[in-house]
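Once you've had a glance at the structure underneath, I'll fire off some questions.
For reference, chains read A, B and C in written order, and residue numbers begin at 1 within each chain.
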Amino acid sequence: MNMFLKNCWYVAAWDHEILGDTLLSRTLLGQPVLFYRKEDGTVVAMDNKCCHRHAPLHMGRKEGDCVRCMYHGAKYDATGACVEVPGQERIPPKLRQRVYPTAQRKRWVWIWMGDPALADDTLIPDTFSLAHPDWRWKPSYLHYECNYLLISDNLLDFSHLSYVHEKTFGGSPNIAEARPEVQRMARGVRVSRPVRGTVPAPYHQRLGSFEGKVDRWFRYDFHVPGILLLDAGVKSTATPDDDMSGALQFHSCQAITPETEKSTHYFFMQAHNFRLDDAVVTESIDQSQKRAFIEDKQILEAQQQMIDNSPESPMVAMAADAGLMQYRRLLSELIDLESKAPAVIPLIPVTP
Amino acid sequence: MNMFLKNCWYVAAWDHEILGDTLLSRTLLGQPVLFYRKEDGTVVAMDNKCCHRHAPLHMGRKEGDCVRCMYHGAKYDATGACVEVPGQERIPPKLRQRVYPTAQRKRWVWIWMGDPALADDTLIPDTFSLAHPDWRWKPSYLHYECNYLLISDNLLDFSHLSYVHEKTFGGSPNIAEARPEVQRMARGVRVSRPVRGTVPAPYHQRLGSFEGKVDRWFRYDFHVPGILLLDAGVKSTATPDDDMSGALQFHSCQAITPETEKSTHYFFMQAHNFRLDDAVVTESIDQSQKRAFIEDKQILEAQQQMIDNSPESPMVAMAADAGLMQYRRLLSELIDLESKAPAVIPLIPVTP
Amino acid sequence: MNMFLKNCWYVAAWDHEILGDTLLSRTLLGQPVLFYRKEDGTVVAMDNKCCHRHAPLHMGRKEGDCVRCMYHGAKYDATGACVEVPGQERIPPKLRQRVYPTAQRKRWVWIWMGDPALADDTLIPDTFSLAHPDWRWKPSYLHYECNYLLISDNLLDFSHLSYVHEKTFGGSPNIAEARPEVQRMARGVRVSRPVRGTVPAPYHQRLGSFEGKVDRWFRYDFHVPGILLLDAGVKSTATPDDDMSGALQFHSCQAITPETEKSTHYFFMQAHNFRLDDAVVTESIDQSQKRAFIEDKQILEAQQQMIDNSPESPMVAMAADAGLMQYRRLLSELIDLESKAPAVIPLIPVTP
């Protein structure tokens, strides 16, 4: 079975990673890809390996909308066609780099690694908080030495907040004890986990100065191949449900993109819509999230090592695995479908 | 063929490595194992990989005699049974960790990695000097990047003292030239190598201030799977054989435990029964031994690399290999027997 | 197919690497080899792995023209025969190390890794500038983490000077644009590439203070298995072709010797025959060459990683590949011949 779904949009980079003459080298789905920006601002994604002698193009030079390999001087345009070979007039048509469809949406650069004819940019999920005047945030990135599905698993079961993030996002076993509702969507799952009458997480307490118990909510769509759009918050149990005046509301956009079978890119941010002009709050939320994700990173990388140590050994399910198991099943069905008939993959837009 | 004998006792740790809330992670025979101590002081050895999603339990939390996985909160008791799953009432019986028999004897924690029904603690060799008022010593540990049999080989042929330890334990080619007597035991070999009228080793000279030639003796039992109990000493040739007044006598307990196919744990100490109240002597003996063992480590790790470079290449025997070849044959017979009929392994106690 | 040609001379070391009691350990063609010098100055090359228990002999001790393994004391003479086993009178004839023919020619130590009966030292190319009063140079060495053929490729297509060495040896695209002439020889290829009316390379400008355009020439024999003898130079276009008074002339001897399939030894120097008594010039040429070769090393190691990432992916040829393709074909024919009938390899001396 293929490890990766190809006919879907992956997040490849933050927009600010590709500026000016940058030749960005990034491996995605095991494939070394070169990224650069054309004069008109659109992003070119091209196989990073020069088809001549396999030197990496990111060690080359950007010349206008073209890139020149700095080993023997072959020059490729933005369509991947070789347009110059030093000392040679006729250019063999085989001297051509594969290029990938890209799209830029609100600070994220997306790439389509499958059949270009199927690349439909209406399938890109709406990451509204990445560019919205009511929300503030900072961009973040982490590199994980583990398979991307271990990160999906992690995101699809927030019971881990009570344990992995006991001292950051968690605070009590109550999150783990609250049963989540999981709904399947055409290209993802929706998970809701309300937690009522719990103690505030250390992280929330610092921001909200709550007195007494709080209600918390988590509701997110997790889209194929690994895009999480999270609506979360916390408010005092003492205020009515529809009174958001003292609440802390968050919206988080997170994207996991496989680098190789055993390593993953993680792009993320957590936006807040309160105290918008207080840079300290924005900074603190970013740092808290990063600190918590490093807790995830440590346990997931340790988990990967345990799995590598005896890959055949089975896992035993618990009730909390419902979300991740639905998602793994969905993804595996899509990968299976794709390998059988790449042309007829059900490119059904996400149910709103 | 299996690489390791399973139905036997291995040294897993020094007792002081598992104290209080310690969750010790140690890989033995390729298996990641978690060690912790119960309230009553006995040691629990459990697969370190949580059977739920394979997170390592040593990153978890000790709760009384139980351990909780700090990924999703599964809690296991000292028998390996899962006794709590957050947010779930019925616990699937498959949520269970494998536990291993352990035994503590005089500062060493032993583990039985094979069939628990066969674990017979009368088979543990008598390491008397590890807890005896007439002997002083310090505990030591080294990690070797080589297969455990290369260390057995090394210990079973003391001719290497003349070369590897020329400037520490050796001092002259006389040890290599003295032919050892090797006797086979039910679960090991006994090696005796008297060396008469030689120059004192640099190490002995510093401790004993000998004038003129000395006699040295080495006599040790080497037990399956890698326990060496050594009785050694040095005295002036000028004094009668039964006069031990000016002699330096040593007793050493050493245990080699495979970590993986290519790495090994080495637990050791060297006890002396003279100048008991002189801490400098104890310290100096410990340091001399460690310095010499690092000489072994360097040559054995280099040997492992040479073997890895061309694993098929045969070795050519010399007379000095008699001990190690007897031992390798014995071990290989036991491993062979075990793979054929694990229930009838000849668990004959060591001949005294 | 074999990766390496065996019946040929490889450069193993600079002469100054094997002095006095040096026991030099160097892996060649995947084989760990020990080098040391006999009292009469000739170099012994012997398998570095002691045939007894596979300890490396370079951790041993040189005793006259012999080497003693410092694990258990086996002593070998310069023919590889074991001449002493401590504590043992009869020495088994199987205790014998393989030795390899060597030859020293003008500062380089050569080794023949194939059938010793075929070792014919008239096949060693004439590296005259390595010992000639009219030429000055400094010896250099680099270790490359790539297959040796990637280095051959690099040396057989000087069009890379315009790109890889743009700021050192290159200076303009003119070198890449000049079409080289490639002639096949019995055991190599000859490449000539005259470049007329170009701008001087930054490196030449510093040495020669040219005014206006220059002519450059490169002419080299590239011998199996990887010996490059280069005659190169630069002179003002304003002076007649046969007037060498203001020219800078260079002669470079370079040797690439596989260490393993993925790593290579590179021995090289670049001699000059002008301003012989100016040590600054010699130093500066050596440093310029090393700086440029590090540019090669970076791109070749990156190329190796790209190839490893997808080894099956084909390369697409351009005209500039003519030299390297001829050479790869020749080498592959020789390796093929050798594997079929090692005795009849065409040991035809190089056409002058």
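Criterion: a residue touches a chain if its C-beta (ideal position, glycine included) is under 8 Å from a C-beta of that chain, and two chains touch if they have at least 3 such contacts.
These numbers were taken from a predicted model, which means no experiment stands behind them.
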One copy, chain B, sits on the other, chain C, after a C-alpha rotation whose size in degrees, in steps of 5, is 120
Same or different: do the copies chain A and chain C touch each other through matching residue numbers, with over half of them shared? different
Centre to centre, by mean C-alpha position, how many angstrom separate chain A and chain C? 48
Which positions in chain A touch two or more other chains at once? none
Chain B touches which residues of chain C in the complex? 27, 30, 32, 48-49, 51-56, 59, 68-74, 85-88, 92, 94-95
Interface with chain C, chain B side, in the complex: residues 153, 157, 159-160, 162-164, 166, 173, 176-179, 298-299, 302-303, 305-307, 309-310, 313, 315-321
